[in-house]
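Quick heads-up: structures coming right below.
First chain A sits with chain B, and in the next complex the same chain sits with chain C.
After this line comes the complex of A and B, so read on.
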């Protein structure tokens, strides 16, 4: 009986075995990297603003013996993130009055779960040759060549897009359940922004899918490696630019972080959250950054490939090659995240209607034109990398030339309220009051003689 | 151009199993945190403390209010475009793998250009209606 059951289960497919190991290792690596990223972000912002940033908190844990040991040495402030995490655990978990208690608790989980499974299709380390594992005469894992990624599935991009879209729920629910008007507005803004930028992101990925003819992540990476092949960022610079912009917006990063614009919305959708529930939102945001950067690296920056290093080509399937590829991949991801941080602390936040206008009036038309141009290029058989690069650059140039001639809605236009003092009905003269002529006429230097004022 | 024959091969269903493992880990992590944080740390309540934080003002009414209809229109427009993008993915995968320059390729390209033209019509209609103005 037991033998029959075991016979059905074993031997495991090597891909599943390696996939589970990779998934667990990568999950822990990602969650463990986040405190470091927060530290990086604080240091980068400090240096940009001519400050020092966290540089005191070490690992003495307040114990006198350790304090004596580490006297005068603060570990460059590396303990700051650990201390913050500990504080999150020990803080009070606050629920405001009138909040929807169930949704209020569900929202952080709904934010962090998609973030933690979205990167499952990222090919961290290329192919690996594994031998069979035999225990007690039973072959537990069959031998074979596998891909070092959590889930080696052919619909990889569809999976990533679908899971990324689920991230909206946590934000929206969190904003709505708080019973706070600022949270509610923040949640609405975040969900509107995230769904708007999903479309140009999908279209710019489509450009790469058209070139590669596959939505399998491993084959996308492999097609950027080899003779005559270049990283897709060289073949499609415009698509890369669109994609990176969309990733910034999807992660709610500056300059698109209107969901948590402090000056207008207090803290945005997580105003009412505290303790670990707030930490989960924070975790989700940074995991999104890692997943988005890994996605970008995989699509445009050659994945695990480093030009000139034979160890990082798909032909190498040893364990050493996999480690080297993982290091290369993760270094690229961290560099991409550091670039996100530089963007955040140098470019000011743009206004909310401008965020949506950028998506709907600029990015979506541009990416649609790009998709059509690329499919025509594929039809004509002009798919060498310099040909598509020339097409991209020509398209960018053409856009710049015709940009001033495109129709454009006027900014900050006046919406008149017919019949009011400011917008009287035709033929109606309005006597303004004496209280505040400046406000009534929109005139910085009002006439001393109050009376009939012509209203525009 | 794609040459790898395994591109079009189906994925064995068991390859999705690690996703399931990850999903269980993520759900366990999230709910453990949400539940445990209720038991660690102080729990105090009071009339003023339980109020929502609205920049120091005493909240007036609840947040369950009507909001601007533009978010609703935006979500509906999003549906149109998102469905279009999702439909384009299978097409893009197939188009690059058949002979794109041949006769079949022309038919493929023509059909999808027509399909995208319908979306352009929807976009122009939305633009004329002013739903992308967001002011």
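After this line comes the complex of A and C, so read on.
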């Protein structure tokens, strides 16, 4: 009886075996990296802003014996994230009155889980050759060459897009369940924004799918490696730009962080969250960043490939090669995240309606044109990397030329509203946009009836 | 009158306070009320706006003030002319030294005192540095309110250097209480050190901060999209609503009290020997939106640097107090302990029932501070304290257009407009 059951189970397919190990290792390794990323973010923002950043909190836990041991060594403030995490655990987990308790608890999980399961189809380390594992005369795992990823499914991109679409639920539910108007507005903003940006993201992925002729993540990575092949960021710079913008928006990162705009909505969807529930939202943001960046690296930055290093080519299938590939891949992901941090700490936030306008009036038409152009080029067989690169650049140039002539709505205008005391009257001159720069009037005071004297 | 003032609508009163909140209210059934403040990250201090939202559009914006009311004006009736400077310092705390100077400008107008050239130069320098101090915060906060935290810190770093200077001359970094009737609390500890500190500030630190800030936000597409055309007010309306300072000048109103009603070193012949007034130009913008206000403030910082630059190398020597006999000024400690005259003088000034005799008169003194016309109206009954010390706060009057600027815009624009008005609740509520 037992033998019959075991016979049905074993030998395991090597892909399943490696997939389970990869899933567990990657999940833990990456979640363990998030405190480090938070530390990076603090340090990067500090350097941008002419500050020092965290540099005090070490690992002495306030214990005299450890303090004596470390002799005031501060670990460059590395303990800050750990201390923050501990703080979240110890704080009061507050549920506001009138909140939907079930959804309020569900929302943080709904935010963090989709981002994490998105990692399942990321090819972290290329192919690995597995020998058969035999235990007590029974072959547990068959031999074979497998991909180091949790699930080597051929519809990998469909899965990723579907999972990315799930990410919106956590934020929206959190905003709705909090029984707070600020949270609610944040949730609404997030849902509208994330849904809008899925379209240009899907379209720019479609460009790469057209180029690669496959939706299997591993084969897309392999197409960027080898003689005459380049990373897709060189072949499709415009698609890469679109994709990266969409990832920023999907992660709710600045300049698209309208859902949690502190200056407008206090905390946005997580205004009412505290303790570990808030920490989960925080974790979800970084998890999203990692998932998005990994996605970007896989599509445009050659995945685990490092030019000139033979160990990171698909032909290498040893364990050492897999480790090297994982290191390369994850370094790229971290660099991409650091770039997100640079963006966040440099530019102001785009207003909510402008965010949507950017998606619907700019990114979607541009990515559609790009998809059509790429299809035509693929049909004509012009798929060398420089040919598509020239097409991308020409398209960008053409857009820049015709952009000023396209009709566009004046988004900053004031809208007349019923019952409003001061919204504009019909016929009131409302001008937007920057006109002349500052006019300076010189000493003595100019004649007030004359109007402006520009001497600037 | 250079401009014709006309009402906005027939039978329409422009005074927000006299309008019933619910007058003309329409219940469309799909609007909801959002209580913005008084505790909110973007309201800078404690302001409360009750917003009626149509989606994200603001249909109605009702400012409620008074959350920081501390009875400052009433205290003016309980403290004498020198003591009250400690209270005015706390009104517009972004540039406290400017409040001190304006308060004693009004008091000296009441007493008919003409201060010494050295005092005038020092006050002018600090007045302009206070303007820089205020504008740096406001322009930095303009970036902060739109989510650009970095620009805010670039501007804020330099304010710390200004605090160092204020600390050096007065002993306190935040609330200096630096002026006294007819002079200053004390003379500079050392002219050269002061000159060196100010030189570093105006030659290196502030220009560098301006450069950074401008590179980061001024030509930033996102910033322009967020601010241009937002919170617009025309020249005629700006005059009708009695706006002053950068708010008015951004709308094209050419008015600057430093030119229109000059005093200190802004007036010709300030030292009695034919010295020329300081040279500067008044930045004016025509757009009247948030971006224009931001731009005007940046330009004003430049002009203030120019003014300080003209004065800092020629601080005249001589006494800093008008009255060598210390009639209105507390004598130095050495004199108090070392001479009977000094002791008596000190006693006369410190005891509330002695003090000086003020003229029975009323006076309104105003100057152009960073936010606009700051004025004090003093009514004196001849006693040691003012009978009434009324403040004309620029914030309060500029803030009255808040509803007008924001209605019809979106929720996010509220923050941008609020930052551009530069409301300081302590001064607003007093």
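By our rule, the second predicted complex is superposed on the first by the 414 of 456 C-alpha atoms of A that agree within 3 Å, B and C clash if a C-alpha of one lies under 4 Å from a C-alpha of the other, contacts with A are read in each partner's own complex, and residues count from 1 in each chain.
By definition in this document, a residue touches a chain if its C-beta (ideal position, glycine included) is under 8 Å from a C-beta of that chain, and two chains touch if they have at least 3 such contacts.
Worth saying up front: this structure is predicted, and the values here are computed from it rather than measured.
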item	value
Contacts of A:353 with chain B and chain C, given as first, second, both or neither	both
Partner chain(s) touched by A:181 [first = chain B, second = chain C, both, neither]	both
Contacts of A:422 with chain B and chain C, given as first, second, both or neither	second
Touching partner for A:48 - first (chain B), second (chain C), both, neither	second
Residues of chain A touched, compared between chain B and chain C (which is higher)	B
Contacts of A:255 with chain B and chain C, given as first, second, both or neither	second
Partner chain in contact with A:266 - chain B first, chain C second, else both or neither	both
Touching partner for A:220 - first (chain B), second (chain C), both, neither	neither
Which of chain B and chain C A:117 touches, first, second, both or neither	first
Partner chain in contact with A:375 - chain B first, chain C second, else both or neither	first
Intersection of the chain A residues that touch chain B with those that touch chain C	181-182, 185, 266, 352-353, 411-413
Residues on chain A engaged by chain B in the complex (per definition of touch)	13, 15-16, 19-20, 22-24, 27, 89-93, 96-99, 105, 108-109, 112-113, 116-117, 120, 150-155, 157-159, 176, 178-185, 188, 191-192, 195-196, 198-199, 202-203, 206, 209-216, 219, 222-223, 266, 271-272, 275-277, 279-280, 352-353, 356-357, 360-361, 364-365, 368, 371-372, 375-376, 378-381, 383, 409, 411-413
Chain C-facing residues of chain A, complex	45, 48-51, 181-182, 185, 254-255, 257-258, 261-264, 266, 345-354, 410-425, 429-446, 448-449, 451-452, 455
Chain A partner contacts - residues on chain B that touch it in the complex	1-2, 4, 6-7, 9-12, 14-19, 21-23, 25-27, 29-31, 33-34, 36-38, 40-44, 50-55, 59, 62-65, 67, 71, 74-75, 77-78, 81-82, 85-86, 88-89, 92-93, 95-97, 100-101, 105-106, 109, 112-113, 116, 119-120, 123, 127, 130, 132-135
For the chain C and chain A complex, residues of the former touching the latter	2-3, 8-9, 19, 23-28, 32, 34-35, 40-42, 52, 54, 56-57, 59-60, 143-151, 153-154, 157, 216-217, 220, 222-226, 228-230, 232, 234, 252, 254, 256, 259-260, 277, 279-287, 289, 291, 295-296, 299, 403-405, 407-415
